[in-house]
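Shared chain: subunit A. Partners: subunit B in the first complex, subunit C in the second.
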Partner chain A sequence: MYLAALLLSVLLLFLFSYASIALGPFGSFSPAELLKALQEGDSLEGAVLHYRLWRTAAAIAVGAGLAMAGLALQRLLNNPLVDPYILGISSGSALAYVITLALGINIPVLWYLSTFLGGISTLALVLLLAAALGLSNLSLLVAGVSLSYMFSGVTIVLIQLLGDKIPMAVAWLFGTVAYARPDVTASVAFLSLLGILIILALSPQLESLLLGEEVSAAHGVKVEAVRVMVAVATSLIVSSLVALAGPVGFIGLVAPWLARFVGGAGFYRLLLLAPIMGAVTALGADVTIRLLGGQSGAELPLTAITSLMGAPLLFYLTTKAREVGGL
Partner chain B sequence: MLIAFGALYQSLRQLSGEVESLREELQREAAKDVERSRELNAIASSLEQLSKRIEGVEESLKRAASAAELRALAEEVGRARAELSIMRASIAAVNRSLLEQTDKAVKRLDELKKEIDSLAERLLFPAKVVDGAGDTITIMKRPARIVTLAPSATETVFFVGAFDRVVGTDQFSNFPSIIRQKVERKEIIIVGGFVNPSVEKILEAKPDVVIGVTNRAHIALKDILAQYRIPVVVLPQSNLSDVLRGTIIVGEVTGNLVEAYEMATKMKVAASFALALSNQVKERPKIASVVWTQPIYAVGGGSWQHDVLSIVGTNVYADLRGWPVVSPESFLARKPDVIVATGSHGAGREAVINVLRSALGDSVGEIPAIARDRVFETQGSYNDAYVRPSPRTFMSLYVLMVAVHPYLFNVTAVSLVLSPENLDVQRAVEKKVPEEAMVLIRMSLER
Partner chain C sequence: MSCKVVLSELWVEREGKEILRGVSAEMEGGLTMIMGPNGAGKTSLLKVIGGIWSPTRGEVEVCGRRRASDLISFVPAYLKVDPYATAVDVVEAFLFNRRSLVESVRGKRGKEVLDSMGLSSLAHRRFNTLSGGEHKLVMIAGALAREPRVLLLDEPFSHLDLANQQRMAKIITQLRERMTVIVTIHEPLYANLADKLLVMASGRVVAAGRPREVLRKELLEKVYGVKMTELEHNGARVIFPDLADLEGHPV
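The block that comes next holds the complex of A and B.
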């Protein structure tokens, strides 16, 4: 069953990647045309293909990274309803990014550093706020959503005030891979891969956290250290992706749940299936906005599509969790 | 290169001869016609200044021949063309028999322009252009294929006479109106929206240069399109003087320098003439302009719309920056005599009156603009010209001049809905404003 799900998702990943490379406002490429365009890099078709390949890579990085971050957060906080967007980590990183741009800093390394600091301090702040509300699954959501709104508000005010000093803010504010620069895409993919590897390395300890802190501690797990490391890795993934594509909503919630629906709830199983589902979700959303834009090339942001999946899911999960007394 | 400059030099010599003989003719006429002598002498003396400037250019041409020289020359010729057209109008008003003489000089200028154009193609490129974002961009050759990313960019390209080279534009560009046919015939492709241009569609248009505005999306495109060796030039668009600067930048990028300087001169004259007119009014009317009613967004200081309002009257929200959200109460405090609502953006006349009335109740009558029913609404192409920072904005300036100061133009009744159907701005200002402004207005109306 799990193997079938895995095979299916890999198949979907290939299918959607192909669609992402073949479809777009320029026109669709047949497999033969794709091969031809690949060979003649200097032609117009070659240029369009180059652009689509990097865009596809960016979507995969965004999807896989956010799915992994969402899964890790859900496990870390023992709360199935959270994702980096809902917890405000994305908006915190976005605010930090906008501040960096507003200061005129055009060095990618500093972007990543500032978004990382923005992301991890938001996560810390959310936990503090939630603790003040009486730590529960719902209070975590409330704290995250309020912080997220606050940071988005400040970001919009900054953009309004600083105008043209902030390139791409409007499309980027709601998530887009349409303007992913190859150099940024490459370094962001590296950084989020690093975060993913840290999470993978810590997965046995994360798994044991589910049994409760005392049991974990009895197994020799340094609970606090694991928590901090996972938080750092999650923030690293999310914040670098924000520098690439802006705050893309809900993939961190949708992808792990899609993986659960098709492949079952085992944590180790999800570690492989969730990122693939995330990449599929992001690619599907990106291809959809290209098709919706049609010939005109005017495209919607990614969150416009992902929230159509994420928001109903969040509602459904919340009602279900309430039924079983999880909130 | 020297030979080419030689031809240019010859044309210049002939032009100064033409101008000189026109001046002599004018003075002879002035001696004959005592009644008109003052006017004729005035024109003669401005002609003398023009010929002195031409001599100055001749001198510098003798010394050196470079792209910078050509630029200076283009600037002078552009200005001379603008000046000569106004002189032609004033000569025609005073003495028709001198027109033939004037037309010779005008024709000579046209030839000179052609020679500059052909030289520019070789001399100006590769051109280094400083754009609205402050970046220096190198344009390798005179671009044959241009993509524009905003209506104001498209319109500016049209005004410097390079529209026939546009092969791609954004989905909101609707001026000149031939865009629609060109899109249908696939001579121009749509490359996306204003804030979300499509990289793929831009690549498809195979542009030599992309011209956008200082919009975040367009600035961010620079890095991406650099991969495909496509330069992106963004035009400044904060205020009216940015419109002039943007026009010169487009002239540099397209190689149509003479037209660009000519247009910039015309815009300057159009603005200063309108200001001189409104300065005749004893008390400058206080104007508020509303661009959106939910909530009320007004035109604040520092925009091209603010500049337009400040020429027509005074902007009551000048102290606030950009397009601030303002409260209905602030209309009671600032007491605008006139309100200008931008019709096509959900802020029509009725919408503005309704939002103020529902918030303020009966005290809405304390606002002079409401009490005297002086709430205007811009519509159609007049609205586009007012809400976009382009050479067309100068037409909207005269639309508002006529609406707010009808008596200055001997217009009796002006409709509160300012549209080409309700108000023919060209007819209203004809013979009352300089030829420079008329050219801008005619071009803006595509006549």
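The block that comes next holds the complex of A and C.
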């Protein structure tokens, strides 16, 4: 089952990647036309393809990164209901990003720094709030969603200060890779990769945390340190992705759940399957919105599609508490 | 191989409450059982020995070391894991720092461990759906695969029917030959199996020694605050709450 799921995911990833590069407004290309246009370089087709290649790379980075962050957070908190979106990391990063834009700061390093600080401080705040409510699956959900809404509200207010950038900012707020610039995509992919490497380095500890914090501590896991490292890694991944594509919802919940559903909870297996499934989800959603937009180029935001998958899943997981370990 | 666990004047304070109040004990090899009423500090003591909690004062020494997590396996009384985790996943999690990266990725050790313990049929079943007895057997299989010198078991007899209690008693008594086994228990009957018995009340050890010296009706009545009945059977002392003491009970 695991191997079949893995093969299918890889196949879908290739298929969606091809669709993402070949299909859309301004022309669809056959494989032969693709190769030709790529070699020609500065033609209109070449420019369209160049844009689509980076857009595809951005969607893959968003999906894989959010899935890894969701996987690590779920294991750390022993809670299958959390993801970076639900825990407010995305909205905290988004708020920080809009603040830098509203202040007129146009230095990418400062964007990343501010989104990182926004993300990690929101995660810390959510964990503190949840602890004050008596740390449980439910209190984490309530604290995360409440802060998330609050920050989103402030973000929307601040976006009104952005003048002619308002339409782009609104599109970004609901998640999109349509404006993924090559330079931003490359630096975000690098930062996400850094976060993913931290999670990979923590794999043994995260595997042990299946047994809970106490058993892990007895077996030598420095739980406090792992908590801090996972918070840093997931904030790094999510905040940089927010700077690239806005707060995209639910992929961090859907992909790890799908991976566990078909492949079991073995952490090392999930490490491979979840990010591929995340990339497939994000890429699939992005291709869908482009196809739905047709030749007009008018597009739905990514979160419109990912929410359609994620929200029912969250409902299912929450209500099927006993069977799936929800509330 | 067993080793010595030395507890010196352990005090633990959590959230303003003194949970352990000056516990001292030495355990070298064999089977040590810790019994006492709810809230006496049994599990807390196990957590301090396991390094899960740090003592506020006093010292724990395991095999001559302050930190000995590589020599310890800890089995909790109850474990709820990821709903999609199988018995194999649970055993693999016990082995997290005990195998190579290649073995981790292949994930075959867990199955081998369960096979060697005669638990093959449980391997791919979801852990949360196993019975109380199966739960504990899988956890003990994982704990033993770590090849510990000190095995800490929190309430191994809880949630087990009588046949499974007997099976657990057999496992524990066999293990004491190979390592230092420290368990918390509620059942005075199984306390007879211990090489050393610690009776705790209100965060202190109120009696320690061989079961025959420690298991006294008067002591347990004082510690638990209920009237007890004492019987001798096959050389074991059986002490249990006196049913006739129940108000309105027909006995």
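Here is the rule we go by: the second predicted complex is superposed on the first by the 316 of 327 C-alpha atoms of A that agree within 3 Å, B and C clash if a C-alpha of one lies under 4 Å from a C-alpha of the other, contacts with A are read in each partner's own complex, and residues count from 1 in each chain.
FYI, contacts are C-beta pairs under 8 Å (C-beta built on N, C-alpha and C of every residue); 3 or more make two chains touch, one makes a residue touch a chain.
These numbers come from a predicted model, not from an experiment.
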item	value
Partner chain in contact with A:R269 - subunit B first, subunit C second, else both or neither	second
Partner chain(s) touched by A:E207 [first = subunit B, second = subunit C, both, neither]	second
Which superposed partner A:A178 touches (first subunit B, second subunit C, both, neither)	first
Touching partner for A:M229 - first (subunit B), second (subunit C), both, neither	neither
Touching partner for A:R52 - first (subunit B), second (subunit C), both, neither	first
Which of subunit B and subunit C A:A298 touches, first, second, both or neither	first
Partner chain in contact with A:L44 - subunit B first, subunit C second, else both or neither	first
Residues on subunit A lying within both footprints (that of subunit B and that of subunit C)	none
Subunit B - residues contacting subunit A, complex	133, 171, 190-193, 195-201, 203-204, 206, 214-217, 219-221, 223-224, 227-228, 322
Parts of subunit C lying in touch with subunit A, wherever the complex brings them together	47, 50-52, 69-70, 72-76, 79-86, 88-90, 92-94, 96-97, 104-105, 107, 128, 146, 152
Contact footprint of subunit C on subunit A as seen in their complex	75, 78, 80, 203-205, 207-212, 214-215, 217-221, 260-261, 264-269, 323-325
Residues of subunit A touching subunit B in the complex	24-27, 44, 47-48, 50-52, 159-160, 163-164, 166-171, 176, 178-179, 181-182, 293, 295-300
